[in-house]
Amino acid sequence: MKMLFIFFLFFIFIGLSSANVPVRQEQFIYSVMAFNGKDYSGTFCSENSDTIYLIADQDNFITARKTLVYYWPITGDWKTDYDALNYPFDGTLKLTVKGGESRIISSERYTYYNVQGEYEQNWEVTTGDEAEKTWQHYLSLINEYWLITEQYQKAKISFDLMMNKLAEEITKKRNSGLDVTELIEKLKVLRLPEPPQPPNDYIVPPSPVQSAFILNLPRGEYNIHFINKDDTVMEDSKKRVIVFKKRRTDGIGFEVIPGDKWTRPVESKTPSSVLYVDGTTNLYLRPFFQDEFNDLYYKKMLKNDAKGNPNLMNWVHIQQVPGGRIELTGNNYDNEEILEKPFYVEQAKGSGMGYKIVPFDSEGTHKDRGPNLIAFKVLMNNERSVIKLNLLDRNGLNLAGSSRQIRVVVKTRCQSVLLLLCLLPLLVMAVIRIIRSRKYTV
Amino acid sequence: MSFRMHAALVIAKRRIFESYLSPGYYIAQAVGLLLSYFLISGFVSSIDSSGFNYMLNPLYELIGRSLSGTFGLTFLKKLFASGPFQFVFYVSIIPVFLYLSLSTVFHFCLEKKVGAIELLTYGPVDGTSYFLAFFIKDMVLTILYLLLLILFLSAAALLNNLVLGLAFFYVLVVVFFMMMLLYTISIMISVLTDSSASAIALYIAVIFLFLIVLMGSFTIISTYITSFSSVLSWVINWVSPFFYGGLAISFIEAGYIVNYLLILLVMTVLSCLFLLLSHLVIKVKGVHS
Amino acid sequence: MIRTRGLVKKYGSFTAVDNLDLNISAGEIYGFLGPNGAGKTSTMLMLLGIVKPTAGEIFLFNEKYTPDKLDMRNKIGVVPEKHPYGVWTWMTAFEYMQLFADLFDLKRIHGNCNDRIEYLLLQVDLYGVRNKRIAEFSRGMLQKLSIIRALLHDPDILFLDEPISGLDPIGIKQIRNLILAENREGRTIFISSHLLSEMEKLCHRIAIIYKGKLLAEDSMNSLLAKLVKDREILIDLETLPHNIGNTIKELPFILDTTTNGNTLAIKVSKERDFRKDISGYLINKGLIPLRIEETALSLEEAFVTITNENIDLFTEIGGRE
């Protein structure tokens, strides 16, 4: 009986633990490397999904492959297990404009990278032999850099050795009471070798050359099928492709970092919106450029099984605004212009928890360290209940859509007055009924 | 002035006076203002050092979870981007709107049935002037309530250092036109049906249908609803006040003032169409009980 | 003043009003009679423009009348059978009258109309309750209020549908006097009623409708005269001699006699009034008549006759079919 009970428990345990293992299904998927307005991000379109979402007039890369797909309940999304199975299909893609003509797209070798300049606008894609050349060029830059680094290290070692030797000799001769002037002159002439700079041709270096279907499409709706090498259509490969554009561009958003929760910033994206705060801490603002996309389409472009609202537009953070100034106006104080500055977060000393945000001192206290935060500091105090701000670019021009209000909410004043106001209609009703009833009795 | 308009104004004046004598209108207003009060004070207590955090207040936690679960987090953020007043306005307008429109539907059908309209039509009144009187009454009482609401919300904003904002007034205008369209639909339904109970049921069903279609195109679970009702929703959206309201708000959000005004014009034209249809129906059906 | 030509109203296959021709002159009190379902209400609704005729024409004030002619309704006053229940309950009687005064724009036409309202309220003894809510009014009070409401704008034609139903005798008398007074002012009055005794007292002319058809339209006396076949004369004597009934039959115009106590009932032909001849005969016989009275056919009897039994008889005497 005891043995039976133990076996029973054992099988229950097996059953329960088996229930937790995600079921992996072999599926045909489209692996998508899509441009998201600022860089490239990857997702996949499984058999459960019927639509791929892409931004218009940008190079997007799609491959067809077989892999294991499973649902991961902890994060609530679908995942691929490329380690277990990752079989790329070789064939062509048939692209059909909705209700119109179709064309065949062949796979191409490509690489993409971002060169120095205004950030997201300098993405480049090269294909075919050019891709190979770009990649090789990048490799050669890296190899050159490693060579220079190796030489630097050798020079550094020689320098250190020479320094130590001279220092020893100087010490010895000084101790012996000898003249060390010549040696000191030699020491002064010694120069520390310059550390090599890594190649700065790229903000984002080229990716290794891969093959994919490159889709750069105007806005609209399309259908795609994968055609095998034997000209048969791959089962479950038909998908809809929605290509969308941003509605508005170059909007300005602000990352708002409260002094007491600097690791949990919030974003103010809606133009001319109002930020209500309790005024207990200073605020640190980081402005950024933003573009407006359809909420559902954008979210699904980033992650194909995401949820979004098809009738809403959402601002997407693109990049920080370089070199700007913030103009502050408001009640009870003169107009002010603030600049972006670096700050350092100092932990409270001793057993007390907490931290303090202080100006970054690169020459003094925070030498050899980097700033934790580069932002615009907005001082909050009792006199500043309303602050209006505008962002100016490096030329002093007001950036459209950058105006915001910061208001310190008053939490306790005269709530009972408001409650009484709510009951005013009932009071009016009572008065009118009394007056009316008098008329009836006359 | 035509006989019809004169009669409509005379009867409308009495209807407005009747509303002022009955408790329903005041109770609806008080409920609307109380809802505003609770929502505003809940919002204020949800503010911390970084801004609005709905988790800080139980009421707003419920609201936030429900709205973000149904419409997405983006919707929630946009709704409260400039403060609470947009949301407060949507909620506080409901009691008065429901009271006015349902009482119109109820009274029109009842008075038609007992012969009150017929009695008036012995004089220089026709069925059209009678329902126009209801429409005028609803619009005037709505405007009065909106003025009271603006006053109240302004007082709340002043006391709590909040701001109504330009967006609030754009939304107010849109909602006003939506209500106008809904009132004309209520009149159309009253004219079509013969009993108060059926008219009320039909009117509630129509509003519900508009809401379902709106939610079907607006929620993050829309895939299921729209695939079922894509054709139906396309048809219904042509006359749905909620569809046009949503469109107008999205236009003003993007700064397309001309499109916004066009939508208001479309709603006005639709309202006139419904009134015209009501006129034709009552002309054919007559007012004899 | 009111004229219809070939008026027809059909509800599906049912004909409620069949080819009705009415002619009501200005200044007369016109009674419209018929049993339930005869077509009275349908006729009235068409005359008032509430219901559209299937065929035919209506003329009011010598103008063709259609329901969209709202300005013509200024000249018409209507008292429906019942006041709408549960409506305008918040209004006082005075406010109720003011509503209609405003509808007819009397203020613009006549200046202050409150005086007229007060005058009318006084006419029907409602002045003392002018600030009472009509929700608290009895049926009779509502009816009186309805009548003065219809008179408020001084209409040329007054349509009354059962105007005195629900009224007490004093109220009936008040309304009767009011109707007669209004008629003396020159108002044309169209009454639909079942209270035939009152119709006899009020109406100049009567129309009888039955199954949608107009059976009779004539002055009261002419109508009754046409329907009466013979006359009956009642004579009260101090003493009734034995066999006087047979004796008097020697007079050539006597058709039949009966006796009842001291009363002798004699049937004579309707050619002329024979009371003088009879009284002369009796005096010659030494009998003094205490009372000689001729009993006339009542409207009720005529109504019943026409509508229930003697349709053929009626057509014989020249009635329309």
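To keep things simple, chains are lettered A, B and C as they appear, and every chain counts its residues starting from 1.
We adopt the following convention: a residue touches a chain if its C-beta (ideal position, glycine included) is under 8 Å from a C-beta of that chain, and two chains touch if they have at least 3 such contacts.
Quick caveat: nothing in here was measured; it's all calculated off a predicted structure.
Legend note: the chain whose CA centroid lies nearest the centroid of all displayed protein CA atoms is B. For chain pairs A-C and B-C, the one joined by more C-beta pairs in contact is B-C. Chain centres were defined as the mean of their Cα atoms; on that basis the chain farthest from chain B turns out to be C. Averaged C-alpha coordinates give centres for chain A and chain B that are 41 Å from one another.
If you average the CA atoms of chain A and of chain C, the two centres end up 93 Å from each other. Centroid to centroid, with C-alpha atoms defining each point, chain B and chain C lie 53 Å apart. Each of the following residues of chain B touches two or more other chains: 21.
The residues of chain A lying in touch with chain C in their complex are 439-442. Partner chain A is touched in their complex by these residues of chain C: 92, 131-133. Taken together, the chain B residues at the contact with chain A in this complex read 20-21, 23, 25-27, 29-30, 33-34, 36-37, 40-41, 44-45, 47-52, 71-72, 74-75, 77-78, 81-83, 148, 152, 155-156, 159-163, 165-167, 217-222, 246, 250, 253-254. Across the complex, chain B is touched by residues 247-248, 256-261, 264-266, 268-270, 272-278, 280-281, 292, 295-296, 307-314, 385-386, 405, 407-411, 413-415, 417-419, 421-426, 428-429, 432-433, 436 of chain A.
Those residues of chain B that touch chain C in the shared complex are 3-4, 6-7, 10-11, 13-14, 18, 21-22, 110-111, 114-116, 118-126, 286-288.
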